[in-house]
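Read from first to last, the chains carry the letters A, B and C; within each, the first residue is number 1.
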């Protein structure tokens, strides 16, 4: 009886501790949304979680202060493009590395591991000059090219490779016997069976691109080309001080949809990150 | 040899493809990896080699001319400019603060949340939520909450009678604030890696130890912790490298300030390269960062190898 | 006319040679079984014939055509895999029709051939199910159906029954035998199970370390094994091999060839007799009663253990002194290299 009571007590203590610990993880989101509805005066007054006056105009001004709708769209289509391209390129390379014995595979793997570990900050200077030489400054090209071929693309390649390695090889042999080419085996057998891996790659790649900051900061200069993170950091007055209520309203608009998707698909999303981390 | 040549001819005559199956397979493989390979050469290996070149030049902004200056950039970085050592100090403090805090918290959370019980999914979802949030958004909200006057954090502290500092305006507090908010942002990732590792440990070990009378702490100390060692090593290296890469968080929360109190390596490279246009100097910094990251990776590989023996 | 001809076939992975020169002729319509212990190269040899592995050296002819460099799908062969290798994302119908679809066979023709094959194998009720909804035996049958649909010149089977339980294995074995009788197509079958080999084969190929040890009909191999290896591999329980030491009273009335150093005798060809008037004497160490027969482990006076199948009357107690009698016509003599003499 006492053992059971200790167990219950133990659990209650844990739960209370976890609840307290959860505050700094949850509160910022609530505070962000609440701040987005406040007026400038209320922002600097004594703070309350529920705004005394709900100022919905903030969410209109967000769109008039800078081309926020356009910027939102930029982030969306860039992330989608990066995701599709990464899925294609990474699954091709991952397949070859997992399944075809070819001279040079080992060396290629070694280089890719290196690319995985080296931060973008190391190569960003030469890449800037390269992009400039290509005449692609202030375009979205570098925001597509650098992530697809950078460390994030390598993560995707390794994830796909890992998954392909675990697929039963006899299925692909059967495909070859049935007359498929290498490409056919990849497209018609390996890919349809890799949906979990493709979903994981899609999730982490999309989020990575969506949250990308250094590259947009360096390559973009016109407001209507900005992506979301860059736009968010740009809600400042003429003195460079943040326009808190607008900034928080815009941040809510950027973060809440992702959070909702996360809450719906949390299991799948968390697993995707676990997969990509384990292999690293 | 003659026999083989004859066979090849015969094979061709029989309608077989011109290339041997083996050669074809090889070509196919390279075709499959070619997009990755080409991108890798252009956007990674090329630039990596190029920073060696850039780091030995001085860039003239007006004429767009590069002058070869040998090792002077390194001389400047390491000996002339006191900023560099200040930045290294900041980066080390940042790493020393972030890595242990992150890992200890991640492991504690994982231990609490690796077994099914009421609320596990809720808590996992909560602790992981900042990971999927953009670093800029996270930094914006925390900067808002950490204002000296009217900030939510100080307001809460006031309830329990503490007069909070102006967090982001004092160098030491700013560093602490940046570390803690970064830990909260990223701890969920390490937490799920630990949970995955914990769940792959067979329960038999713990049950056997419990039957032999081991306490919870002994089970952890003697069984769980040693079995987690490979995971701990990977997490430690990844988190350390991650701490040297931190950029957007610093950019948005403090901009490297106050008084360069949170000026860390990645931000310093950005500042030198893209704000002050000291391209050669920034390239030298990038090269130093490359060496640090490679060294950390090597340490991990070596430790892992020793582990396996 | 689909003869399969292997001329000095070799295969190496890196520096390891796994197939070391195999010469073999397989007649049209023959059922050939490759058998041998694991690692002997039997599956590799099958994969070389299928085209799933490249041949390092030698010539492979199928139906009179040199096919070394012909891709797998154009060799006119079909393969049934150990794990069945059914595409999990396709129905049984689509699995069976997949190869035809790839080869651009028109849909109507495809449907006809799939339903024909399904009728042959009684698969009609399963056509719209997915592989995960099938039992092991059903999957096996679908895998065979997929091979039939392509109407190949040669069927290849890679240990097709090893994932089934014992009862189903016996059943599917007879189905495959019936299939061969009906189609009379050339079939090449790989197994490590010598009973499967004996029951199915027209011709058995015993492989060892990448080389052919012996080729022959099941009866050939059983009656006149050319080496100790084959002698012990074919037949169950294993043949007893006893050394022909000086003075060992084993000749049992037969004439012993001069170069022979050991003699083999199958357990089923030994019978019990009185210790006093037998040439071999020993003590019963273990008696395994299986119902029909009793398998006796007899520890001979010379120190070896000898297996005896006893099927007449009650078996002797453990520890009993027994004498053994062998039928002279069933003795196999081997020289010191292990070759039959």
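One rule holds in what follows: a contact is a pair of C-beta atoms (placed from the backbone, for glycine too) under 8 Å apart; a residue touches a chain by one contact, two chains touch by 3 or more.
Given the structure is predicted, the values throughout are model-derived calculations rather than measurements.
Colleague: Pick one for the touching-chains graph, please: line, ring, star, complete, other.
Modeller: It is complete, because no pair of chains fails to touch.
Colleague: Once you count every C-beta pair in contact for both, which comes out on top, A-C or A-B?
Modeller: A-B
Colleague: Which chain's centre, taken as the mean of its Cα atoms, is farthest from the centre of subunit A?
Modeller: It is C whose centre lies farthest from that of subunit A.
Colleague: Centroid from C-alpha atoms only, then distance subunit A to subunit C, rounded to Å. What do you get?
Modeller: Roughly 55 Å, centre to centre.
Colleague: Provide the C-alpha centroid distance between subunit A and subunit B, rounded to the nearest whole angstrom.
Modeller: Centres of subunit A and subunit B (C-alpha means) sit 15 Å apart.
Colleague: Return the residues of subunit C touching two or more other chains; collapse runs of consecutive numbers into ranges.
Modeller: Those would be 51, 71.
Colleague: Touching two or more other chains, which residues of subunit A qualify?
Modeller: In subunit A, no residue touches two or more other chains.
Colleague: Give me the residue numbers in subunit B that touch at least two other chains, ranges are fine.
Modeller: 25
Colleague: Given the complex with subunit A, which residues does subunit C contribute to the contact?
Modeller: Answer in residue numbers: 50-52, 71-74, 77-79, 81-83, 85-89, 98-99, 102-103, 146, 150.
Colleague: Spell out the residues on subunit A that touch subunit C in their complex, using ranges where they run on.
Modeller: Going by the criterion above, the answer is residues 168, 170-171, 173-180, 184, 189, 192-193.
Colleague: Help me check something: in the complex, which residues belonging to subunit A touch subunit B?
Modeller: Listed in rising order, the residues of subunit A that touch subunit B are 11, 14-15, 18, 21-22, 24-29, 31-32, 35, 43-47, 88-90, 92-93, 95-97, 100-105, 108, 111-112, 114-115, 117-130, 145-146, 148-150, 153, 157, 182-183, 186, 207, 210-211, 213-214, 217-218, 228-230, 232-233, 242, 244, 247-248, 251, 254-255, 258-259, 262-263, 266-267, 269-270, 273-274, 277-278, 280.
Colleague: Taking the touch rule as given, give the residues of subunit B at its contact with subunit A in the complex, in rising order.
Modeller: So the residues of subunit B touching subunit A come out as 25-26, 28-30, 32-33, 35-37, 39-40, 42-48, 50-51, 54, 109, 112, 117-119, 121, 123-138, 140-145, 150-152, 155, 184, 189, 192-193, 195-196, 234, 238, 241, 244-245, 247-248, 251-252, 265-266, 269-270, 273-274, 279, 282-283, 286-287, 289-290, 293-294, 297.
Colleague: Subunit C touches which residues of subunit B in the complex?
Modeller: So the residues of subunit B in touch with subunit C come to 4, 7-8, 10-11, 14-17, 20-22, 25.
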